[in-house]
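These are the structures, in structure tokens.
Shared between the two complexes below is subunit A, which pairs with subunit B and subunit C, respectively.
This part shows the complex of A and B:
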């Protein structure tokens, strides 16, 4: 029995290690090609960067300078941070109001926010773009405003669910002690909402950082473009010879921040992403 | 709380409501209306009744193709993603060492954005097909299976995490009892383990369903240049933005009508999901 168990375990580990190789191979291939000469990337994508094929970090230098990569990176970072902060603070406030003040209006709002979760983006794609341009929202700040709107459905839903489980007595005690609703919310309610706030922040950060279509339609491929837009433009836009080396370097630079973020807050990310699964 | 909070509506709700109105409420209402019109831009629309909807199923040839492709793609993805993810979850809940490492690796692709993911696989798939002197645009089935592989790579780790949570909820005593009764491993799997994780199966099925059905970024990055491999979301996008000229107003109207049908299909799926998960919960 013991020996049989051991053989079985060896077999399981072999399968798992093979699968690990399969799962990591695409990332490894991109890394490998990012230090290869242009010519060898499309012709020999699976060969190792050895000898004359190896070009050190030339591609990364080109990737940085040619496509103004840093600008796109900063745009994405600013939009993601501001939008996530805006969503977490503003929607938790709205959710608290909606749960605690019970009337026809708040009930309708709750249903509207929940309903918006099932509507695919294509339904509002054309009209929201038009409205955003009419209202001069085609800027970094406008983008943040739109993300607060697009993110509100899921986060109001998640915050409301959690707030309903908190007894209102704690808040009422604070009011009796002379706290106004704003201080009550930030001093008492918001700290209790922390676990949900972390989940909402992670789910929305991944979504906004990776989002392509909305920022492409609103901000375009000019100075305000975000990282996914820059990647898509570099790999498909324009005619003539593409600098494959620089493009591979861009892909690596786009992935690295996500992987670093993941390795550092893995526990929260896995929990958050799975909790966010309610967004059907 | 109710009384003193009530008059704080402008501070607590208005900011989100304003953003929500601009990014959802108004565009949604306008979108439904515009699907019954032809329009070059939003402010120049003419009412045409059901013309756009009729055109989708008569003149326009791409929508039904895209719908059929999406249905096939979704079906294949649901089966392959869930079978592999569930098998991995079974392997990783046997109390082996280093399972944390494997979980980390398998989950990682899920975090990479669709556009980047699409281009990674574009390089790999075209690299492999290059040995045979073709590329992904050569045959629509290459694009189809390319998408399936990509979807598996991205979704397996995610579903695996949900299955692991489900499997860990099964009390050990049940498995012990089964093995004392002399149940074979296969019998235990199909008669005990799988029925016990049915709630996870339902969640994962609908998650894969929704994600495959609404796939856009990956499709654009991987198959943007090849015809006949547009899923529904990409087909709607192309109807809006790949046309110019005299019939632009018709194309816009048609695109918006497609978007409404797409929305209705997604809404039906969501409704069935709500019923399915709701019923499962009351059973327990």
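This part shows the complex of A and C:
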């Protein structure tokens, strides 16, 4: 029995290690090539950056200076931070209202939010782009507005589940203690929602930071372009004069913030997803 | 310190489709400890929540300290409430939980600290001031909830089944703590429970409610000895009062109650009020404590001995609950443990007529009250 279990464990760990390798390989290859010379990137993409292949951080400097990387980075950062903040604050308030005020309107709102989760983006892509241009939303602020809209379905769903598990008496105690609804929300409810708020923030930050299609459709490749669009432009830029080293460095710089953010907050993800599943 | 007055208060839900309190008038005196008690859904918690301002009043008037508070926000009513599930703020430690209401009122930090430490010392929770609620036991949480109410120094304390989540031993301990707290604070307490033992042991006066109606509002002693109707008589006491259908008849000089082939002479003090019922059916009520094992001793004129067949004999410690049928009525007698009784035994029982109650069969009201 023990030997059988051991074989099974070895098989499971082998499969998991292989899967880990498959997922990590592209990141490792990009990291490796970001410090290699251009010639070696195309000639020996899988070799380690040793000896003459290693060019230190030259590629990073080039990536910064040549492709207006900093501007794209700032655009992505502003859009991500503001959108995530907007989604977390506004949808948690909306979910609180929907859960605590029980009437036909809030029931309809809840169904509308949850329904929005199952509508594929491609289905509304054309109309949203058209409306965004009509309403002058083709700006960084417009993108924030659109992301708050697109992100609200899942967030309202997640917050509602958690809020249902918070005894209403806690809010009533706050009311008796002297809180108005705004204070009750920000001093009592929102701090209790922290695990779910962090989960929503991580999920949405990763989505918005990495999103390519919506910013490409709305902001295009102009000065307001986001990081994924800037990287894609660098990849396709000019006939044969692509600087692969600079491109690899840009990719590394593009994924670092979101990985750091994820690692910093990952312990809250499971807590936030499980929160609200069981009362108590 | 405040008196609370309900004047024809109505509470309904769903735009008046469901009325839970049809017409409530009640006077709670200043510094009184009043317990609202009744079965689930009787409206006791709704009544408490109306005092707190957590439920709107659909009709009538509510006064706290002679000030009409129908439209006054909870925070402006100068009340404090302790909830069944403690309702502590989980993200704050005990100190911050206690200080929260005072900080909202922008009280100076030094004064807040004094009040918090005073409440903590009274309730013996000083060692836990830095702990979050999740690191406390049920009893400690309940004390924190009480402390949160105490620091406010409110006019009225509202307590909504505060002990129902505690185990039996802790409940007994906390019961005496709350009673002592009331004596110490000299404030009006309104306490909701479905546990009649809590009600009887803690209250100055008890409001017994059923379906939104006050059945009786009186002292524990009066509720026990002079229940206003069959609901109150059956609700107070454990096991509840036995109800036996009987016929009031005159046998010679005496007025008697006849039931299931037995006869109980009506005590002289009750003859006058039962005379109008001669020839009519009434309900005889007798508490299990007032039926004892007959050992052949003195049998007064107002007692009768009935031999019954015990169906079940439950040992409760100091007493035995004997279950038996009398006519169509299911009855219980609480008797001493001197004589060993088993299920199936024939047991001679002495019914104490002086402690018997009589109720109108139609209205279920106590006769003569």
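Rule of thumb we're sticking to: the second predicted complex is superposed on the first by the 222 of 280 C-alpha atoms of A that agree within 3 Å, B and C clash if a C-alpha of one lies under 4 Å from a C-alpha of the other, contacts with A are read in each partner's own complex, and residues count from 1 in each chain.
We take it that contacts are C-beta pairs under 8 Å (C-beta built on N, C-alpha and C of every residue); 3 or more make two chains touch, one makes a residue touch a chain.
The structure displayed is predicted, hence computed values, not measured ones.
> Given the touch rule stated above, what does A:167 touch, subunit B (first), subunit C (second), both, or neither?
The second partner, subunit C, only.
> A:153 in the overlay: touching subunit B, subunit C, both, or neither? Say first, second, both or neither.
Only subunit B is touched by A:153; subunit C is not.
> Is A:177 contacted by the first partner subunit B, the second partner subunit C, both or neither?
Second partner only.
> State whether A:188 touches subunit B only (first), subunit C only (second), both chains, or neither.
Once the two structures are laid over each other on A, A:188 reaches subunit C alone.
> After superposing on the shared chain, does subunit C or subunit B touch more subunit A residues?
Touched residues of subunit A are more numerous for B.
> After lining up the shared chain so the two structures overlap, which partner does A:202 touch, if you call subunit B first and subunit C second: first, second, both or neither?
After superposition on chain A, A:202 lies in contact with neither partner.
> State which residues of subunit A lie in both footprints, the one left by subunit B and the one left by subunit C.
172, 175
> Spell out the residues on subunit C that touch subunit A in their complex, using ranges where they run on.
Contact set of subunit C toward subunit A: 52-54, 74-75, 79-81, 83-85, 87-91, 100-101, 104-105, 148, 152.
> Any idea which subunit A residues touch subunit B in the complex?
It comes out as residues 9, 12-13, 15-16, 19-20, 23-24, 26-27, 29-30, 33, 41-43, 45-46, 90-91, 93-94, 96-98, 100-102, 109, 112-113, 116, 118-128, 130-132, 135, 137, 145-146, 148-150, 152-153, 156, 168, 171-172, 175, 180-182, 185, 206, 209-213, 228, 231-232, 235-236, 247-248, 251, 254-255, 258-259, 262-263, 266, 269-270, 273-274, 277, 280.
> For a test of understanding, state which residues of subunit B touch subunit A in their complex under the given definition.
Touch residues, subunit B against subunit A: 1-2, 4-6, 8-9, 11-13, 15-17, 19-28, 30-31, 34, 41-42, 88, 91-92, 94, 96, 102-116, 119-124, 126-127, 130, 153, 157-158, 161-162, 165, 203, 206-207, 210, 214, 216-217, 220-221, 224-225, 232-233, 236-237, 240, 252, 255-256, 258-260, 262-263, 266-267, 269-270, 273.
> How about subunit A: which of its residues touch subunit C in the complex?
167, 169-170, 172-179, 183, 188, 191-192, 194
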